[in-house]
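Okay, so chain A shows up in both of these, paired with chain B first and chain C after.
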Partner chain A sequence: MEYAIVGKSVPRKDGWVKVTGQAQYGGDLILPGMLHGKILRSPHAHARIVSIDASRAKRLPGVRTIITGKDFPGVKFGFLPITRDQLPFAVDKARYFGEAVAAVAASDEDTAEEALDLIQVEYEELPPVFTVQDAIRPGATLVHDDKPGNVGFTARYNYGDIARAFEECDYIKEEHLTTQRISHGFIEPHAMLASMDGDRVVLQGTKQSPYITWRHLCRAMDLPLSKVRMLNPYVGGGYSGKHDPFDVDFAATKLALVTGRPVRVELTQDEILGMERQRHSKDCWIKLGAKKDGTLHALECKTYFEGGAYVCAAPINTRAFGSGLLIPYRIPNARFEGIRIYTTRPPCGAVRGQARVIARYVLEAILTDLANDMGLDQLEIRRKNALVKDEVATEGTVMENFAFMETIDELKKMVDWPAAKAKKVPFHGIGFAGDGYASGSRARGHWASAAVVKITEDGGINLIQGATEIGQGSDTVLAQICAEALGVPYEEISVAVEDTDASVLEQGIYSSRTTVWAGNGVRVAAEDARRQLAEEAAKLLEADPKDIEFRLGNVYVRNDPKRSITFNEVVRKAYYEQGHPIYGRGSWGMDAGRADWATAKEPWSPGRGSVTMAVEVSVDPETGKVKILKLTAAHDNGQPINPALLAGQIEGGTMAHMGQGVFEECLTDEHGRPINPDFFDYKMPTALDAPHFANHPIIGDNPYGPFGAKGGGESVSSSALGAIANAVADAIGVRIMDLPITPQKILKAINGKQSQERRA
Partner chain B sequence: MGMMRRLPRFDYLAPTTLQEACAMLQQHQGQAKLLAGGTDLLVNMKRRDETPQYVIGLKQVSGLDYVRDGDTLHIGPLAVLHQLELSPAVRQKWPILVEACDHFGSTQIRNLATVAGNLCSASPSADMATPLIVLGARLKLKSASGERQVAADQFFVAPFKTVMREDEILADIEVPALSERAAAVYERHSLREAMDHALVGVSVMVQLGRGTTCQDAHIALGACAPTPRRAPKAEAALRGKQLTAEVIAEAAKTASTDADPRTDPEYKRQIVEVLTRRALNRALTEVQGK
Partner chain C sequence: MTTQQTAPRIVPPKREYIQFTVNGIIYDVEVDLRRTLLEVLREQLGLTGTKKGCNDGNCGACTVLVNGKPMNSCLILAVEAHGKEITTIEGMAQDGKLHPLQEAVVNFNALQCGYCTPGILLTAKAFLEENPHPTEHDVRRAIAGNLCRCTGYQRFVNAILAVSQGKTKPDEE
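Right after this comes the complex of A and B.
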């Protein structure tokens, strides 16, 4: 199908305002009479709050009000009803270094900060718990008194007779792999502005998924949803780190309610990198068994998720990890246990790719090592075990529209495998990994997407919808879908900001769902507008509405294109002569089933992507330094709506996972205090660290997606971490079992291997 | 390291001459800090690691941002790193300084950070320190009561501490020319390719006599001792010797014993050896190619 706008790398809707510095972000927002808020944080990882005396701080000129945890109604919030364990601020005790204890609103930031110094909090220190080992020890200090064993959430499955299945294997590989805490690393710090509109709060700022914040925040503040209006300015990166309500959202809202004045609260990178959401560290025991010919037969995995003081989105992580082990390869017998452990560290939550990224890493690592031990080819073993289209995976998922095998075959050509294997250079390595990511699978909350396409009387188009532009390009992609469905030029579409009053709020920007879900909502709304316009045009052209075609602003009769009229004329006549303003309405939803959190079963996906990646690295054998040379990806995201933006997702996602692979770690001292919370010491990859990228989209089909699209946010890069780790292992001949793979660890491994070889 | 906060209160003083700046330093001894690029000072102040009562900004003093070449190179107290990168003379005659700039921070930081400030902050991993040490740079320290000269390798006394008195300004950096048969290079190991400090940095200057005989050698180590420092035993192992692969390898091994790393010592010593050997080989090749 030849599209006019879909499939073309049109310029971004937000490109010009961003590169010229005109775009307004949360921290740019100013209202008359605005106050500035600051948050007082716990200086202990675990401490009872004995008393808070804010009287001195309140007397400081310029201070308007001070709030503490007790000013909130005491309603806990959380991802699932059974995991509601968090209050807006700490009340009885602080459970991590940096937990919010109080907040101040003052006339300026300096005064607000000075006031924090004057709030006297008496703490009674409690023993901290920083590691899984400490937390699960019998008699360990409890982070929450009602959570025995410090267990926050557990997911389990058991398919087949696992003991017998391992007996049937010809070769079994076991590994213990650990991964570290990382942070999202968005450049834009959290910044929220709350103001009053009568008895309603207007809250705007740095939210990736305003809907998620809205419903949890209203719950914890005991406010009806209708009393809070959320709207979104431009957002400077999300990576799943701006979904939930944070202390910054609660502080701004409460301070505005108390003072009646607009209040802006902006965090520093110290607070964000050191004290806000991070990715769980994981302790993973994994065992994989295969038949002689490389057919995978049995998998067993137990993983602890160390996630800090509150469960947050952990059920997504245990679920994504468990299901991530079983797709895209066929493993008929499998047992998994994922246990989320409380510690007195900052809470962990959603991070790009979720724990699926880690599951794919551990599975691809052990698969690579098993294949090497058995003398099997890396791509052949993946082909042999790849799930194919419409096959039913072990956990029951039907692999609809699945093109994983095709991506392996395409990649094989792209890297000239196995010929490349023969040209092996010492300390150069290549690693492979794959994935079949379920884009748009259901999480929590309402489950539909809706849009309004409003045609102005001069033929302009306002697209009103609820998905957040967080830098990924959703405004552009949705405008392309709208323009294509409506048959108008892309340039005609203006995309409105997300607003709980004016648009049906999108469920959230996660699970690679926006293109499919929001895209379908927009498509249906645009089709509705087109249907209305076709009726008007049919009158003017004396034709059947069914025969009216729209393309790039021309309206004509099918098979008789000379009978035509411009889009603008149709609109004008509709408004002025027929009294018919054109508002297209549309929504899209499906009975997507519910996620089964306890069994980690993957919910239905309206757009199963697939990807196979190869990463090439070189390692300096004398310093241990890794250079990631090239990333090659063959991927299926259905019909790409905007190929350049899709490539951007591969490159950006890969860089993020590269950080976890070789650079990043959130470090703390023995008191739980962050020691590297800035972009100099917290080592995210820079542009100079980027490899050369080569990627090739295979255009698989997807009857569920708008114009055949599948999601691409996380699905295209979720195998990068595994591929990077496998490439390093190939280069040095040793598997590094704990991330990040630093030069120190590499050098130690090389030295160890050399001395072992000398002994042998 | 404290948490990042708003800047603390301070009084800002804006002298228009170096003499005036010196007088202010003398008047507020111990309570004043000089502000050049501010890439270290302002961050330290926001973290409350430094809380000077007075900040003396040098911006209003004209003529301090020079990079002047002739027989010797003079770098003014307000010259930023990017000026070194842009100077054709530096690129040609003192390329080691350009190498060191190449690795330093980011373009934005190199446009703010001064060479003098990098020395005065005296980080053990300061990128400008070891190149200037092996080049034999001399630092002019000026105060209200006079001025003195200190060799770059005598400048650092402890982490973040130099021989400078609280009333002194680093008024000029003088870098002698390399002799015809000499070359100096900088090798650096860091995790990232940009925006990262050196895990280890090694500068060497090799001067040849007849053939490949080493007439003189300077080796300076960064980030592997409390201060940037010379590697005297390794230098001695080279002087007067034919620079064969074996001699270079041996000297590199010796350099790792000149190092005194406080963190991760085994790893850092190994990196010192590797970088010293690479630097010596590269310097040798460069002299031979002259």
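Right after this comes the complex of A and C.
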């Protein structure tokens, strides 16, 4: 199919506004009379709050109000009804260093900060628990009195007779892999501006999925949804880290409600890197068994998710991990247990690619080691076990339109395997990994997507929809879909900001869902507008509406293109002569069934991308430094709507996983205080660390996606962590079991291996 | 324990007049001595295109040109800018026409969220003026002080290299 706009790397809608510095982000927003808010945070990892005395702070000139946890209605919020464990601010006790205890609104930031120093809080320290081992020990201090064993959530599955299945295996590999806490690493600090419009709150700022924030925030503040309006300015990245409401959102909203004035609360990087959401650290015992020929037969995995004081999105994490173990390879017998443990550390939530990234890492690591032990080729073992189109995966997912096998074959060509294998250079390594990522698996709340395509009387097009432009390029991709479906030039489309008053919000920007779900909503709305326009055009061209074609602003009769009229003329006639304003409405949703959190089973999703990735690294044996040389991916994301944007997603996601692989870790001292909450000590990859990228899209099929698209945001980079770790293991001949793979660990491993070789 | 009954007092900040040029316009502003150039640009001049990322010199989002040199404006006191010529992102396009680097960054899809972008653009502008024919490694080193969490940097590097060769568009994609 020859598309006019889909499949073209048109320039981003938000390009001009961003390169000229005109784009306004949360921290740039100012309203008349605006106050500044600051949050007072617990200086202890675990402490009873005995009393809070704000009387001195209140008398500081310029201070307007001070709120504490008791000013909120005491309604807990959380991802599932059974995991509602969090209040906006700490009330009776603080459960991590940095938990919000009080907040100030003052005329300027300095005054607000000074007021924090004047608030006297009396704490009674309680014993902290920082690790899974400490938290699950019998008699351990409980983070929540009603959560015995400090267990926050558990997901399990059991397919087949696992004990017997392992007996049937010819080779079994077991590993204990651990992964660390990392931060999203936003360059833009969280900033929220709340203001009053009559009795309604208008809340805008750094949110990725305003809908998710909205419903949880309203619940915890006991406000009807209609009393809070959320709208989104430009957002400095999402990376799955700005979904649920944070202390900064609650503080801004409450301070505005109390003072009646606009209040902006901005966080600093040490608050964000050290005290806001992070990725769970994980302790994973994994066992994989295969038949002689490399056919995978049995998998057992028990993983502890150390996730801090509140469960947050952990049911998604355990699901993403559990289901991530079973796709894209066929493993007929499998047992999984994912246990989310409370500790007195900052709460963890979703991070780019989700816990699926970690599941793919552990599985690809053990698969690589098993293949090496058995003397099997890395790509052959993946081919042998690859789920194929329409096959039913062990947990029941039908692999519709699944092109994973094709990505392995394509990658094989791209890296010139097995010729490359024969040319092994010392301390150079290559690692492989694959994935098959859902294009939007169902979470909670409403799950459809809706859009309005409003044609202005001069033929302009306003696209009103609910997906947030967080940098991933949704405004552009949705405008392309709209333009293609409507038959107008891409430049004609203006995309409105997301606004709970004006648009039906997207369920959320996660799980690579936006192109498919929001894209379908937009497509349906554009088709509705086009149908209305075709009726008008048919009158003017004296033809059947069914025969009216639209392409790049030209409207004509099929098979007789000379009978034509411009898009503008049709619109004008409709408005001025027929009294027919053109509003296309559309929504799209599929019954994906209910999510089954306890068994970590992913619901049906309208499309599944796939990828095989190869990473090439070199390791300096003197310093232990890893250099990622090249990253090659063969992937299927269906019909790419905008290939350059898709490639940008792949590259960026991969970089973040590279950070987790070899650089980053959120460190704390023995009191639970962050040690490295700044970009000097929290090392993220720079341009000098970034590898070369080669990616090749295989255009697979997806009848559910708009113009055949599949999700692309996370679905390719999700394999990067595994491939990087495998490449390092290949380079040094040893598997490092705990992330990040730092130079120190590498040197230790190399020395250990050498002395072992000397002994042998 | 007795609570103090009087309101705590704030010492009034010292202020001073400075004169400097920002994007070709001469400004006379009274600034608080403690304020950074970043704060004065954003809060007093309303030039919010200069971004605050870390506020401690580690991310490069706040990069502006001071007499043509890229500097982290969060590390400079506003009073130090007295008599200097500052270029911010708002001054990069001239007469409504994008600078070639701006054009290339859009055409190469080098940006995503755009938060790091003003800083990278100004760093690159100063860099290319000093090094008109850089290698790829030179470019990477030049922007290594500008953190970007959205992209893989490669598109920025390609865009900057293209501009050094008189191009603003990728050959193909």
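Everything below uses one rule, namely that the second predicted complex is superposed on the first by the 760 of 760 C-alpha atoms of A that agree within 3 Å, B and C clash if a C-alpha of one lies under 4 Å from a C-alpha of the other, contacts with A are read in each partner's own complex, and residues count from 1 in each chain.
Operating definition for what follows: a residue touches a chain if its C-beta (ideal position, glycine included) is under 8 Å from a C-beta of that chain, and two chains touch if they have at least 3 such contacts.
Quick caveat: nothing in here was measured; it's all calculated off a predicted structure.
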* Asked: Counting only touches as set out at the top, which of chain B and chain C does A:L31 meet: first, second, both, neither?
  -> neither
* Would you sort A:T623 into first (chain B), second (chain C), both or neither based on which partner it touches? => first
* For A:T268, decide between first (touching chain B), second (touching chain C), both and neither. => both
* To do: Look at the residues of chain A and decide whether chain B or chain C touches more of them.
  => C
* To do: Report for A:K683: first if it touches chain B alone, second if chain C alone, otherwise both or neither.
  => first
* Asked: After superposition on the shared chain, which partner residues are touched by A:I136: those of chain B (first), chain C (second), both, or neither?
  -> neither
* Asked: So, A:G15: does it touch chain B (first), chain C (second), both, or neither?
  -> second
* Could you look at A:L747 and tell me whether it touches chain B, chain C, both or neither (first, second, both, neither)? => first
* Which holds for A:P643: it touches chain B only (first), chain C only (second), both, or neither? -> second
* Indicate the residue numbers of chain A shared between its chain B interface and its chain C interface, in ascending order. => 268-269, 678-680, 686-688
* chain C touches which residues of chain A in the complex? -> 9, 11-12, 14-25, 27-28, 53, 55-56, 59-62, 111, 114, 118, 184-189, 234-237, 239, 268-269, 470-473, 643-645, 647-648, 650-652, 654-656, 678-680, 684, 686-688, 690-693
* Residue numbers on chain A that touch chain B, as the complex places them -> 109-110, 113, 268-271, 622-623, 625, 662-663, 675, 678-680, 683, 685-689, 742-744, 747-748
* Can you check the complex and tell me which residues of chain B touch chain A? => 1, 3-6, 189, 191-197, 199, 264, 267, 270-271, 274-275
* Structure fact -> Note: in the complex, chain C contacts chain A through residues 3-4, 6-8, 10, 42, 47-56, 58-59, 61, 88-90, 92-93, 98, 102, 105-109, 111-118, 121, 139-141, 143-157, 170, 173
